[in-house]
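Below, subunit A partners subunit B and then partners subunit C, in two separate complexes.
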Partner chain A sequence: MSQTYQPKSWVGLQAYRFAPVLFFIGLIALWELICQVGKVPNYILPSPSAIIKAFFDVEFSRWMGHLWATLRVALMGFALSILIALPLSIGMIRSELMNRTLYPVLIVIQSTPVVAVAPLIIVLLGTDDPSRVLITCLITFFPLVVSATTGMLETPPEMIELSQSLRAPRYRETWQIRIPYAIPHIFSGLRVSITLAIIGAVVAEFVAAEEGLGYFIQFSTSFFKIPQAFAGLIFLAVTSLLLFKSVQWIQAWWFPWSLPKKK
Partner chain B sequence: MKAALKLSLLAGLISSSSVMAADKVTFQLDWLPGGDKAPVYVGIQEGFFAEADLDVSIASGRGSTDALTKMATGQSDVGSSDIGALMAAKAQDGVPVVAIYPYFTQAPHAFFALKSSGIDSIEDLKGKKVATSPFTSSNAFLPLVLKENGLSEDDISLVKTDPGALGPMMITGNADAIIAWVTNTALFTTQAAEAGKEIVEMPWSSAGLSLYSSSLLASERFLSERPEVAERFVKAFAKSLEFTYAHPDKAGEAIHAMVPEVDAKIAAAQIKSITNLVYNDVTKADGFGVFTPERIQQTWEYVAAANELSEDALDPQTAVDFTYLAE
Partner chain C sequence: MTEVSNKSAYVSMQGVGHRYDPRPGAPMAVQDIDLDIHRHEFVAVVGPSGCGKSTLLRMVSGLLIPSHGEVSVFNRRVTEPRDDVGIVFQKANLLPWLTVRKNVLFPLKHKYGHYTQEDEKRTDELLKMAGLTQFADKMPDELSGGMQQRVGIVRALLLNPDILLMDEPFSALDALTREQIGFDLLKIWEENPKTVLFITHSISEAVLLSDRILVMSKRPGTVLDLIEVDLPRPRTSKTINEPRFAELTDLIRGHIYEPNVPA
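Let's look at the complex of A and B:
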């Protein structure tokens, strides 16, 4: 929309440009004000200044340690679910039998709350990376399968008919027609999945971990250090946001043609 | 002569190789690190485990049953958990874990209330709103302690909430009293002080509930495969335990050194506030580091009643391996 909006005056232009930032700053200021004026104790709702202080009270190297622990699991789980989801959706598109067999199983897996299964996975696979990666993968792969399958199904039938009439082999139909059509869908799936990957890693850390942002938050609440828990939460949200953005950047960089046309 | 030389060489080789490869032991906590979990950290930091040629690593847990599961499945060798939870699990599933050394010889459960609420004994809770966390072992003992004090569960209105919310609920008056472990006393006191308030602690151990609680447990497999390692571990652990409660400030620093998120001062305050769970009338009468068969039986009777199990569901003496106790 940004290309169509033409503010009349300089003030309008500046307001348009900075509105999101100003609104955000305003919200934080309001939050701080409510906490200060209402004398809200830290253990109910910590003020932004208390959260900032708590953030800097923790050594930077500790933050990096926790961040890396969470990020590593989230990215490994995410990569694993891409490796599983894409071939699976190609298979399900190409074979009706596979589709009929697997789809119900996938739905069952997706409908099972991972939070409830996580402790069982830890018992089965141990308290190390494999179980954490599996938990993350379970939470992230379903949106990917759905988006990739939907994308490939939305290929215009005349394109498929054309390729069949030209006797193109199946792999060319998949790689040169279906997948390119599915790219925008795959990327929306990836965007959903990457934020879920962080949630998955945190769920895993809640069950068994000695490090990571989720563990850090749980730890802080167990010591009733609520501002510190909030600092961890915000750090986690920022990380999640950056990962989400990274997926967009990758799409813009490698698949610019798959983005919506700019007017 | 030659043979003696060979032997001494061999002995030297064995002892030096054992120095190089200390026996690895994984210790399972039943919750996140904190002052009450300090002994094992002290053992590592003060070198008590190293002296016993042990290489101890620590895994945090998420509750008594979680810790039991991890010991039962061999992910950890030894650990700390509630002996009551162990007895209940043994009665129901026969988990291959046994208690080998006592830690808390009194139950850590307690009611907390604000001083301003006017509640200062369990009888005062009649008709009040009491908050607890959903998975704490205290809940099972609640009916028993109420009964000992002439109340029933219908006399209070019980709400369940996240452990982290308990303190704030009490301080804001959302709950008249809360149920938590006395290990949290230091934390609740700090929290209440922030709001300019004071708290009262009503431990269940002085309200008729007298039983063993948190104990050193071990997987049966570890004990049968490496009994000699277990023996050295228990000795070093007992040493760490005594050191922790004799030097709470040093112990606080030891845990802070390994888990920087734990504040050394808060940990030390926690240790000081729970000394009477470790050293009390029971240890005075029975000796330190001892499980008596009579008190094990008594503990089981409470546990069976709390979990609605029949008393002959378990011979409680089988939940303990008495070989590693202090003489």
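Let's look at the complex of A and C:
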């Protein structure tokens, strides 16, 4: 995306416009071809057509049930993460003591693989939503803390001087200058976190669950219904992509000024 | 040191110096500055980069308390930022998440938490004076550099300060815009007189705009000369052609270059 492509002909322009889609379709066609020609068994690598068939073999209401289970956990974990991370970040930039005290703990939490801790959390909190939400929260909140604190600390000194020259109360410096300044940073954190939220929910379902897309994939695999597992995986990927896009849409809608400038 | 300094002195600096590193023997950023500025006088400060011009401005603003000597305004020692001082920053220093109008109103919003309809009326008048009426609802990044800096000036005027501190306000602008905005500033200043301390590294700009020029040496910044600019007002683009203009710029240039000839 470094330079705007300037095609010389109509054909060139169309090729440029549709290149990503064509490449994607080409890949899938190649995949189908390899499976058909090579007679690859479905339980090793199912062909795209087999995956599509498997997708429609599963009832729509079942898909929705699994989707809702995963989405519910991912969004609750994500929301909890925001509710913890943002006030924590504000506290850490306002108080050197708090920063000094909390930062090592955050590093320890972030350095501990959540996948390894997940079974212990299930033992601690049971097999219901709370433990899955906690697992999701643990995996998502660090990028948010880092992006929010970075943004607030990078506020240009002249903006802080403007605040000081007005002798404004310090909470307004945080609220009216540092937080808005950090919005682009916070949104890049949110974009990372929302995809991690899906990962967190799936990890939690792998450990203990009776529903959800992660559970569905694991369950399908264990019964050697590989095309069905692939269908679940693709459904999950599309969900994750839509959530990622939603974060971008929210930013474009509420904070249009915070988007990088188009040349 | 006289007990009562010049009665007409409005801003007074006596033996002002500053070192950022408080250890004794550490280098001074500026030292031994004695300067009395009269009410509604336009004083420019020129000097090589890094000579502590900005440090001087920060000490007058109250953002920085000098380690040596004292700055007083109207016979009161400056110990913190004052309400009757407006600052125009080097880059316009506008908040990108606010419209032009809200940027101008920001000092009130930030200092008191609210503003009245009358304040909004005054904002619109100020914007009109600066020729920005049609840009009032635009975002800062939709404006050219020159217009952004006009907004910065208007913002500094909102609280109707008696003292206007300008820290190389036009240094980021191209030569033509720079000249135009300089004349516009003079017009504003002639219509509502203010005591101006104008930091610049452009010798011709200093001569064109000011009543007196403080010429500073390179670090540690001291006073090399204080030059009376006896060019008639109002100054226009014709002023530049007067022989006296060339004499004054040559005089300053001589001051700045001669002491710096490598030994």
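Definition applied: the second predicted complex is superposed on the first by the 257 of 263 C-alpha atoms of A that agree within 3 Å, B and C clash if a C-alpha of one lies under 4 Å from a C-alpha of the other, contacts with A are read in each partner's own complex, and residues count from 1 in each chain.
To be clear about the criterion, a contact is a pair of C-beta atoms (placed from the backbone, for glycine too) under 8 Å apart; a residue touches a chain by one contact, two chains touch by 3 or more.
All values reported here derive from a predicted model rather than from experimental measurement.
Look at A:126: by the touch rule set out above, it reaches subunit B but stays clear of subunit C.
By the touch criterion stated above, A:159 is placed in contact with subunit C alone, subunit B being left untouched.
Touch criterion met: A:208 reaches subunit B, while subunit C stays clear of it.
Judged by the touch definition given at the top, the superposed model places A:219 against subunit B, while subunit C stays out of reach.
Once the two complexes are overlaid on the shared chain, A:59 sits against subunit B while remaining clear of subunit C. With both structures placed on the common chain, the touch criterion links A:34 to neither subunit B nor subunit C.
Applying the stated contact rule after C-alpha superposition, one finds that A:183 touches subunit C and leaves subunit B untouched. By the touch criterion defined above, A:43 lies against subunit B but remains apart from subunit C after alignment on the C-alpha atoms of chain A. Touched by subunit B in one complex and by subunit C in the other is not one residue of subunit A. Taken together, the subunit B residues at the contact with subunit A in this complex read 31-34, 58-60, 62, 66, 69-70, 73, 75, 162-164, 167-168, 171-172, 187, 190-191, 194-195, 260-263, 266. Only residues 156, 158-159, 161-168, 172, 176-177, 180-181, 183, 255, 257-258, 261 of subunit A touch subunit C when the two sit together in their complex. Within the complex formed with subunit A, the residues of subunit C that make contact are 61-63, 80-81, 83, 85, 87, 89-91, 93, 95-97, 106-107, 109-111, 113, 139, 141. Subunit A makes touch with subunit B in their complex at residues 41-44, 58-59, 62, 119, 123, 126-127, 206-210, 215-216, 218-224, 226.
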